[in-house]
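Below you'll find a set of structures to go through.
Look at the two complexes coming up: subunit A is in both, with subunit B in one and subunit C in the other.
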Partner chain A sequence: MADFRHHLTLYLRLLGAQIRSQGAHRTSFILDALGSLLITAAEFAALALVLPRFGGLGGWTLSEICLLYGLAELAFVLMDILFGGFDAPNLSAHVRTGSFSTFLLRPAPLTLQVFASDFALRRLPRVLLAAAIAGYGLTHAPLAAVPETAALLTAAVLGMICFFGGLFVIGGTLTFWTVDSVEAMNVLTYGGRTLISYPMDIYSAWLRRTFTYLIPAAFLSYLPALHLLGRPLPDGLPSWAALIGPLAGPLVLAGAFAFWRVGVRHYQGTGT
Partner chain B sequence: MTTTPAPPTGGHVSRRSRLALPWAVARLGFQRQFAYPQAALWGLITNSFFGLLRVAVLLALFGTRPQVAGYTPQDAITYTGLTQAFIMAFSLFGWFDFMRVIHRGEVASDLLRPASLLGFWAAQDAGRAVGQLVLRGLPMLLIFQVIWGLNWPPGPLAWAQVVLSVLLAWACGFLFRFLVNCAAFWSPDAVGFGRFAWAVLGLGCGFLMPLAFFPEWFRALLAWTPFPGMLNTTVELWVGVTSGAAAWAALGTQLGWTLALLLLCRVTLRAGLRRLEVAGG
Partner chain C sequence: MIHVEHLRKTFTTRTGRFLSAGRRTHEAVRDVSFHIPRGEIVGYLGPNGAGKSTTVKILTGLLVPDSGAVTVGGLTPWQDRRRHVARLGAVFGQRTTLWWDLPVIESLRLLRHVYRIPHATWQANLTTFTDLLDLGPFLHTPARALSLGQRMRADLAAALLHDPELLFLDEPTVGLDVVAKERIRDFIAHINREREVTVLLTTHDLGDVERLARRVLIIDHGQLLFDGDLARLQAAYGSQRELHVDFDGPVAQPEVPGLTLLSHEPGRATYAFTGAAADPIARVTAHAPVRDLTVREPDIEATIRRIYEGDLLRAGIR
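Then we have the complex of A and B:
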């Protein structure tokens, strides 16, 4: 327990240093934050602006889509802030220049240092926007009155943070072997985020099944959302599948960290 | 130094030799795109995957409707294929090259070249755009053709208009990107400003959704900006949403904005260069 408290203090101290350094150039920081906010805002606005003309998306109304879209975006941005150090472009820069070796030399846990190595505060405004979109969905969508609503929503967001964080860790670990193939991970991370931002019944069966059973993305937010909206689950899945669905996230993250440990043992520095 | 052709002897500069330098620059810009074929392949796979998702969203919006705002579902698929194909050629996700050159002071060596700065960069970007069109654009269209089937321009006149529109869309887009990059003359924080500009571009040029689907007031607003001419006009000419006299009017609008942006770029560049100071070294 004392160990854990010590690590937490250390993590917070490293974050404090990050925050101070990012605050040094205030104008640059604000413009960066607004720019990254506007990218999400534009993407969502494009959908929200055309939706009235079509009346809905495959039987889903704007508020129901807001629920899916807001939850996915909220979890992804929070994950991006927390796991930014593992993101392949960041980590591969450390591996290529050899500065990853300095992490290994410091008398602090490696994983903790990587966690605290890129904490992009400029993404905070996007968190607020995503929360607002999800909030609109929650207040306007016809939710079935079930007692587990709050717990399931929290679990869905945490599950997605773990899931996408796991994908970041896997992508980062791959850079110990190659700096080329990490782009393939973009399909799973950014592609997966976009995929679960929309109701998954709009996709062809093979795509939906791939991202349900092979890559358990649908379990994270789509199945819980269906449950909360009182809609039946696809493929005749029992309703408890929606309740335990978010657990897929921690499982992916645990697997990712096991792979990470193998990768770190494989790492050999650049000799500089 | 560079592969500048030898200056012609005598005082007369022939038309041929004046074009030789931009042509050489464009060719090098073209060749440079083929340095990392593996990265291009992965980029193509990512673009295809997102294309797949965007087609699913558009088709779900259409539902059973045969036509919306002049687009059939097949037109919407073609729209998606075209926008995914032009991402790299038109640098729709952003372009910071000139900004970087200003911030690093390398613009000083660009200014030593025996060519106009804007012309040099335009030639380089034209070569880059053609390279990316070959590397990422045509394969993307082929993938869409194989999976869903595309609608193609109906005849020689439509093809001619589409080709003209692609050229103008590139010119208009390049000048806009160059103008945004010029912000680096005034501010070390121009990157943030650039991100802002690319987000507006994505919505305004019809990359995120066909502009015809937007509400009337929003389209009226966009009609006052150059953004539709940077992608949407080309798509509408290709699928035939715009045809006849309206097609020529659309091309005229693209040309008008290109000229206006050219003027604006030249004025801004002159003002920027006047305040430019590069630390020696």
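Then we have the complex of A and C:
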């Protein structure tokens, strides 16, 4: 317990150092923040302007899509802030410059130090925008009045943070072997995020099934959203599948950290 | 403090693209054994790629060997990483452990928490090191704005705040001017003497070794070639002195009986000899008229070059 407290405060201290370091480059920080905010804003504005012309997308109204889109964006950006140290470009830079060795030479848990090695505060404006989009969806979509609404939405966001965090950890771990694999991983990470920003039933069956059963992305927010909107689940899945769906996130994350340990052992075997 | 027995490490590099992949193996460390008692400063020498940094990576726990036993203060480095690294300090000349964009003092504060150093210990060490290394003028400067010498001093302080028993130094004076080198060497000698910190020093700068280490380990092609006193190294392998002769005009026959001719040009010659200089000088002056003579003592640099180049001790004197 004392250890846990120490580690938590150490994490916060290292994060503080990270944030103060970013303050040393204020202009680039502000430009980064504006740039990343504009990307989300432009992407969403295009959707919001086009969608009403067609009266919706595959039977989904704008407000319903806002719910999916906002939740996915919110979770992804929060994940990006929290797991930035594991993001493949950052991690491979740590390995290349030797700061990864520096982590190994310090008597603090390795994962704690990697978590604390990047904290992209410049993404904060995007968090606010995503929360606003999700908030619009929540207040305007015809949600079924069920008691589990708040808990399920929270679980969906946490599940997505874990899921995409797991993909970041896997992508970062792969860089212990090769940097060539990073692009392939981005297809899953960024592709997966875009995919679950929209209702899955607009995709062809094979794509939807791949991202439901092979890569359990649909369980995270799509099934819970269907449940909250009072719609039936696809493939005749029982309604409890929507309730436990977000658990797919922590499972993926646990698997990712197991792979991470294999990667660190490989690193210590070859000393890249 | 450090026990290394029959250490081996082989690297496999893949060549070619992944389908036609071939594999090449490279034995970085071959059957290396040595012991370093507490409080000793040992110079670890060898040309680039000899296996020095592989050994150091294994000793610091960064790398796991293929076989062999390593204990550092009773712990196996790669099995007990966090307990092991809590007791060692490391300074690698080419990179810093300081937070690049933060003032030095903030890095030192963060390290207090990383190493869980009691506040009183931290404060006392900071005061001592600030004094010895003259950190005062740049404690509040970000690491990225320090000169190389200042950064090295700050890194040394950072590596020693937690009272480590063992210090790894890799090229601690590389790129520094004479004054800065001397200050760093003085500091290392001081903490070794006053705090009984064991030091393993890898360097290309033999000045570091001559000033600090009584004992040297020499490694080449992954094998330990020499382990012993600097003085013994000189006596055993540096024993050839050189006699540089300027003759009074060109000499037809530069060879002198009883002396080894190393090089010659018209009017000049260099001979190698062992022992006292009187006899060789007498032979040379008897051989031809001489204008000037100098005796050059073997230096450690030449000695070590001879060991690397000349397979002098493949078999080794251990």
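One rule holds in what follows: the second predicted complex is superposed on the first by the 267 of 272 C-alpha atoms of A that agree within 3 Å, B and C clash if a C-alpha of one lies under 4 Å from a C-alpha of the other, contacts with A are read in each partner's own complex, and residues count from 1 in each chain.
Here is the rule we go by: a residue touches a chain if its C-beta (ideal position, glycine included) is under 8 Å from a C-beta of that chain, and two chains touch if they have at least 3 such contacts.
Worth saying up front: this structure is predicted, and the values here are computed from it rather than measured.
Contacts of A:25 after superposition on the shared chain: both subunit B and subunit C are touched.
When both complexes are overlaid on chain A, the residue A:168 reaches neither subunit B nor subunit C. Once the two complexes are laid over each other on the shared chain, residue contacts for A:198 go to subunit B alone; subunit C is not touched. Judged by the touch definition given at the top, the superposed model places A:184 against subunit B, while subunit C stays out of reach. Legend: residue contacts after superposition of the two complexes on their common chain; A:69 is shown touching neither subunit B nor subunit C. Shared-chain residue A:260: touches no atom of subunit B or subunit C. Shared-chain residue A:119: touches no atom of subunit B or subunit C. Counting contacts as defined above, subunit A residues 25 meet subunit B in one complex and subunit C in the other. The touching residues of subunit A, when paired with subunit B in their complex, are 25, 27-28, 30-36, 38-39, 41-43, 45-47, 49-54, 57-58, 180-181, 183-184, 186-187, 190-191, 194-195, 198-199, 202-204, 207. Against subunit A, the residues of subunit C that register as touching in their complex are 11, 54, 57, 60-64, 78, 81-83, 85-86, 88, 90, 92, 94-95, 97, 99-102, 106, 110, 113-116, 142. Subunit A contributes residues 6, 9-10, 13-14, 17, 20-22, 24-25, 97-99, 101-102, 104-109, 265, 268-271 to its touches with subunit C in the complex.
Those residues of subunit B that touch subunit A in the complex are listed here as 38-39, 42-43, 45-46, 49-50, 52-53, 56-57, 59-63, 65, 68-69, 187-189, 191-196, 198-200, 202-203, 208-209, 213-215, 218.
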